[in-house]
Amino acid sequence: MTSGKASPDTESGSARSMAWGPRLGWDRGALARRVSGLPKPVKWALIGLLVVLLYALPLLEIPIISTPDTDFGAVLFTVASYVLVALGLNIVLGYAGLLDLGYVGFYAIGAYTVAVLGSLQAQWSWWLLIPLAVLFTTISGVLLGAPTLRVRGDYLAIVTLGFGEIIRLTALNTEWLGAAKGITGVPRPPSVELFELPHLQWEGATAFLDLDDKTTFLFFGVADQAPYYWLALTVIFVILGADRMLRLSRIGRAWEATREDEDAAELMGVPTFKFKLLAFASGAFIGGLSGALFASRQGFINPESFQLLLSILFVAAVVVGGAGNRWGVILGAIVVAYLPERFRGFEEWRLLVFGAALLVLANFRPQGLIPPRRTRRAQAVDEQLEALEEGADRA
Amino acid sequence: MSFLINNFVELTVTGLVLGAVYGLVALGYTLVYGVLQLINFAHSEVWMFGSFAAVWVTVAVGVAPGSALPVVIGVLLLALLAAMTVSGGVALLLERVAYRRLIRLDAPKLVALISAIGASFALAEIMGLRDRIVGWFGLRDDLDPYVRSARDNTRFRNPLETEGLFTVGGYTVTNVDVIIIVSAVVMMIALDQFIRRTRTGKGIRAVAQDSEAAALMGVNRNRIIRATFLVGGIMAGAAALLYLMRFGVTRWNAGFLLGVKAFTAAVLGGIGNVRGALLGGFVLGLAENYGSALIGSEWRDVVAFLLLVVILLFRPTGLLGESLGRARA
Amino acid sequence: MPEAPLAEQSAPRTGAALLELDDVSIQFGGLKALDGVSFAVREGEILGLIGPNGAGKTTCFNVMTGVYQPTSGQVRFAGEPLGRRKRFAITRLGIARTFQNIRLFGNMTALENVLVGADAHHRTNVIDALVRSPRHRREEREGEETAREVMRFLGLERRADELARNLSYGEQRRLEIARAMATKPRLLCLDEPAAGFNPAEKAQLMDLIRRIRDRGLTVLLIEHDMGLVMGVSDRVAVLEFGRKIAEGVPAEIRNDPAVIAAYLGTEVDEEGDL
Amino acid sequence: MRFSVKTGVPLLAAALALTACGGTTGGDDDNASGGGDAGSCEDIAIGYFGALTGAAANLGINIRNGVQLAVDQFNEENADCQVGLEEYDSAGDPNQATGLATQAIGDDSVIGIVGPAFSGESDTAGPIFAEGGLPTISASATNPALSTNGWDTFHRILGNDDSQGPAAATYISDVLQAPSVFVVDDASAYGAGLAEIVNESLADAVVGEDTIQTGQTDFSATITAIRDSGAEAVFFGGYYAEAGLLVQQMRGAGVDATFVVADGVKDPGFIEAAGDAAEGTIITCPCLPPEEQQEFFTAFEEAFGSAPATYSAEAYDAANVMLEGIKEGNTDRESLLEWINDYSGEGITKQVSFDESGEVENISVWAYKVENGEIVADQEIETD
């Protein structure tokens, strides 16, 4: 820990750190911290490269990470939608500390809004449906949260679990919502066909351009999954930015304080109920968005896509990755969504292996794959203090 | 509505039978929650293993229906013993593999939940793949009656034939109905007394109330935790046999839904409250039956969950409150 | 260096009543925790609230901060009844408190803990935060200035980026005070701030409490340690079994027969002034 | 993370450099097989698409085994033309089906698919197969709406619910002559659709209906309703798992109405779950009785150690339609699709030929009966 590293001139030390602007809520991934030592242009170039690489993944089809038994673009989209869900659930579970076992309910409401109003009962435009889906899920989050958030922690788990099941069963048993047959012809995002991008093909470690296998940018068709992935990835970046903004504000602090000690937070002037509701609504917002994207990629939804098991997988993604750390939950979502697709070779053993993996991860990485800043922050503080001391010495 | 009234007795009795099973499984959730404040997600698998133990015993003994009464009772007791042993054993295994390390590390509750979810998946899949697993050891054919159609329903060869005993309100109450309800109540009373009077039971209450203080008073917390899992497992084993007597069939993934319902029952009654578990089970069983009768079976789970939400809103700690630690147990 | 514990206290500053308890009773089941308690905390003073264990001191705090609703009677702050105001609303009104058993947000940094307090009067909403609106930036800047200033006042500035739970015991006590002060209260309620302190630390604490008062805050102090209470308080109120049995300047209280009776036989703290 | 950045960059750079020099030729080389010389059997496979894992694995495995048997027999007989079998395990999940279907159309060696097994996954995979021009023959998806989507690659080799439902209704009214029928469904697309048709066909004879959920194990409220209605026959639209429990609990509760179910229950698992309670159950199925397919029956049992179960025979037929086409030299998707559309031949389950929409013509629905723990043929049901 950092004891004994006090700077000699505290006045100027603190003044300086104020001048450096908000460094509150240190929340950078391990990678970013290593990168942060580099000069700024290099850093931006690296980040830019990483972003480009992420977008190019479905075209690159890199042998080791690409899925041999199923379409890589489709897997990437699934992973992306899990990442989105995990980011949303992280606000509820990681920041505000509310165990929501019915998160799939929001996912379902988002998907059903798009499907019912876009195909089954009306043919509204996709551009209208997405905001509507998000609006409906946010409202449903508030409606669910308002009565139930007064219920104590563990009870919330079972109440939300019930909510998720009620949503699914209602869809399953209501003719107007398509019942078990589901809904076909869900509107896809409008296409803007600009240009074609070829995929790579690999033989060993060398790559070739495969001119017969092209993705049209930006054509949201039936078979080519890459554009959907790009769309989801873009949404993820937007949500990541928003998540960061909220996290570094009064709102993020209020969530965290509420999770740490609700009574103390309330007595320090935090309207905890309001903030819990806000967390619930924000989580619902993102869950609904993810569901809406899922439905418009899929073109077809039925109640089976929204099983209780999915809620549990979502929670597993957040906790395995490290609840409270956005990079952690992203990694968790990748683990939960990608590994089973990558290792289809296990066939019927997949779930057994997955269960055992959860067990092992929980027991040997209880703080998550990328723990929420706590442990890492101590290091960061050390470095900061050193920097401050140097600065103070020079002054 | 008239349908509900006309068949009130039948719906009530069958609801109570279902509720008794929920209640016995709910005990496992409630005990572990009372002591550790953890949702033991894998408890449903404890029950499922017990149900298979009971099935296998009847397969091994191979008793035909309609045997003499002493034989029937003997086989049922044997099945009960097997189910309790296996369920208790799996519960202890679970404590060892999924919980002990995390409890020692004082890890967040959520992590223990994930650990239990992982254990639950693994246990269910092990049962669902048992034909493959015994295949590794070349025992596939030798064990065929036990591992056949591993991913399908497995029938319990019930040595006891269902017989009507007496008729009330147009419904003939069967021997199975009576056995299940009476056993559940008797076991609940026994458990209640166990927790109130025995040394271990008092230890469970002490740890539930204040685990640090209990440790200072010389209670071995780890031993008490193991005892809690064991007792919950034994109850689940009993529930497994009763379930089979009524519903006749088990399968590798049957635990999941039952577990969700039993956990709901535990919360309904007041989690951590032993009597509340049985009451919650009965209320849930009845609500499901009445609800189905009123608006159709497809809405029964919706009815069950709505009931839960409503009860929690008006009684935030369940019907009887949470009180494993308190003297009322 | 701090003054000696029993130095002359400054003369009572008799400002207007800031917080008034008017015949407040509160009942839990059959137990009357408070029974017709009335007293007032005057603007700018340090009022010590003492009494044997179970006398109802913390219950008193809880009534003032909205944790409990009084069964009968009224609590007024700056002349205004608290009524059924929520706890956070009372904090915003200007009452802040610390806790007998420290309740910091252990996994947040010291600075963030104090910022949560400073946020009590902030209005930044989701939109503000998302678009980094001028209000958001102003409030963040002001909040950090307030927080850093308060922490400097309490000697915590070097620990700002440390996790709260990693601070020493004494630092945690001070951080609680800092967090409460950041809510810009008019009345600061300290619930046994000296618990677990050695005499030197207690002396520092007395000095600190006076300095807090000198910043213009009114201080209500619950404390077991007689020496500290008598040494720092302008006035003292004494509770026993939920009833107020005495109120006055320390010298009066020290000689009050009822107070002596109440404390007779009970072990008075090591300073043993009575 | 750090590792992937450090090594990833040069790798990527190398890849781009390679593309720059060798791009076009590489592309040509690799896609030579796409055109396909008719008659060559090299690198050709048919696919099985459906669940092999998950809750619906059983039905899927039945189908896969049927296909497997057909392929194995074909390869044995045609040493010079070895056809592969690709498995696409969707776990019956429409979400997973999307990626698998896309993968399938991207794999040029796969020229035909037996599947998708279920109606739900067909809804997501169907348009993808249509886009890829990859012909499919489902051996089990019976939702009538599937053939109306305009996917020209879609075929199914069994009667849909529109043909089976009325047959079941006919059996109940004409053969059983039950004056009162209680209709139960399992809220699945298959079961609910079937029950609805039976409901409409029987009209006045229906004295009550109820919906259960798949995975449910306690049917007491439903059974109370059945007893209360006094129905003489119970029709259940759903799969064998729930059917076994339902009939067992019905008999346990003393309800002895005739239990009528459809092809989703024609599985040994039904008998296994229901035991003696299964006796007398009527199962309708648009499939010929096993006596008429004895050769297939023994071969299947030899290969997999168990009797063919639901849809195994249909899958076998579907695979054989494609394999015959391949033998005739239709070794690309386009010509195989044409072959299937024009096909007319004798399968083991029926006279196989497809109409415009891909539905099989000449559907015969048979009634089977459970006797002494065996599912035996009862009679052919004449409709219209």
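Worth a mention:
In order of appearance the chains are A, B, C and D, and numbering begins at 1 in each one.
Throughout what follows, contacts are C-beta pairs under 8 Å (C-beta built on N, C-alpha and C of every residue); 3 or more make two chains touch, one makes a residue touch a chain.
Note that the structure is predicted; figures quoted are calculated from it, not measured.
Distances from each chain's CA mean to the overall CA mean are smallest for chain A.
Taking each chain's centre as the average of its CA atoms, chain C and chain D sit 73 Å apart.
Rounded to whole angstrom units, the spacing between the C-alpha centres of chain A and chain C is 42. The distance from the centre of chain A to the centre of chain B, with each centre set as the mean of the Cα atoms, comes to 36 Å. Averaged C-alpha coordinates give centres for chain B and chain C that are 51 Å from one another. The residues of chain B that reach two or more other chains are 298, 301, listed in rising order. Looking at chain C, one finds that none of its residues touch two or more other chains.
Looking at chain D, one finds that residues 57, 187, 211, 213 touch two or more other chains.
The set of touching chain pairs reads A-B, A-C, A-D, B-D, using the touch definition from the header. Chain A makes touch with chain D in their complex at residues 29-31, 34, 46, 49-50, 53, 60, 67, 69-71, 73-75, 78, 169, 172-173, 179-182, 184, 198, 200-201, 205-213, 221-225, 294, 297-302, 304-305, 341, 344, 347-348, 350-351.
Residues of chain B touching chain A in their complex: 33, 37, 39, 97-98, 101-102, 105, 107-108, 110-115, 117-126, 129, 132, 260, 263-264, 267, 271, 298-299, 301-302, 304-306, 308-309, 312-313, 316-317. Within the complex, the chain C residues that touch chain A are 65, 67, 86-88, 91-92, 96-97, 99, 103-109, 111-113, 115-117, 119-122, 124-126, 128-130, 132, 136, 139-140, 143-145, 148, 152, 157-158, 160-163, 166, 179-180, 183. By the touch criterion stated above, chain D contacts chain A in their complex at residues 1-2, 5, 8-9, 11-12, 14-15, 18-19, 22-24, 26-27, 30-31, 34, 52-53, 57, 88-89, 92-96, 98-103, 105-106, 119-120, 123-124, 127-128, 130-132, 143, 145, 149, 187-189, 191-193, 211, 213. Across the complex, chain A meets chain B through its residues 93, 99, 147-148, 150-152, 154-155, 157-159, 161-163, 165-166, 169-170, 172-173, 308, 312, 315-316, 319-320, 323, 348-349, 351-352, 354-363, 366-367.
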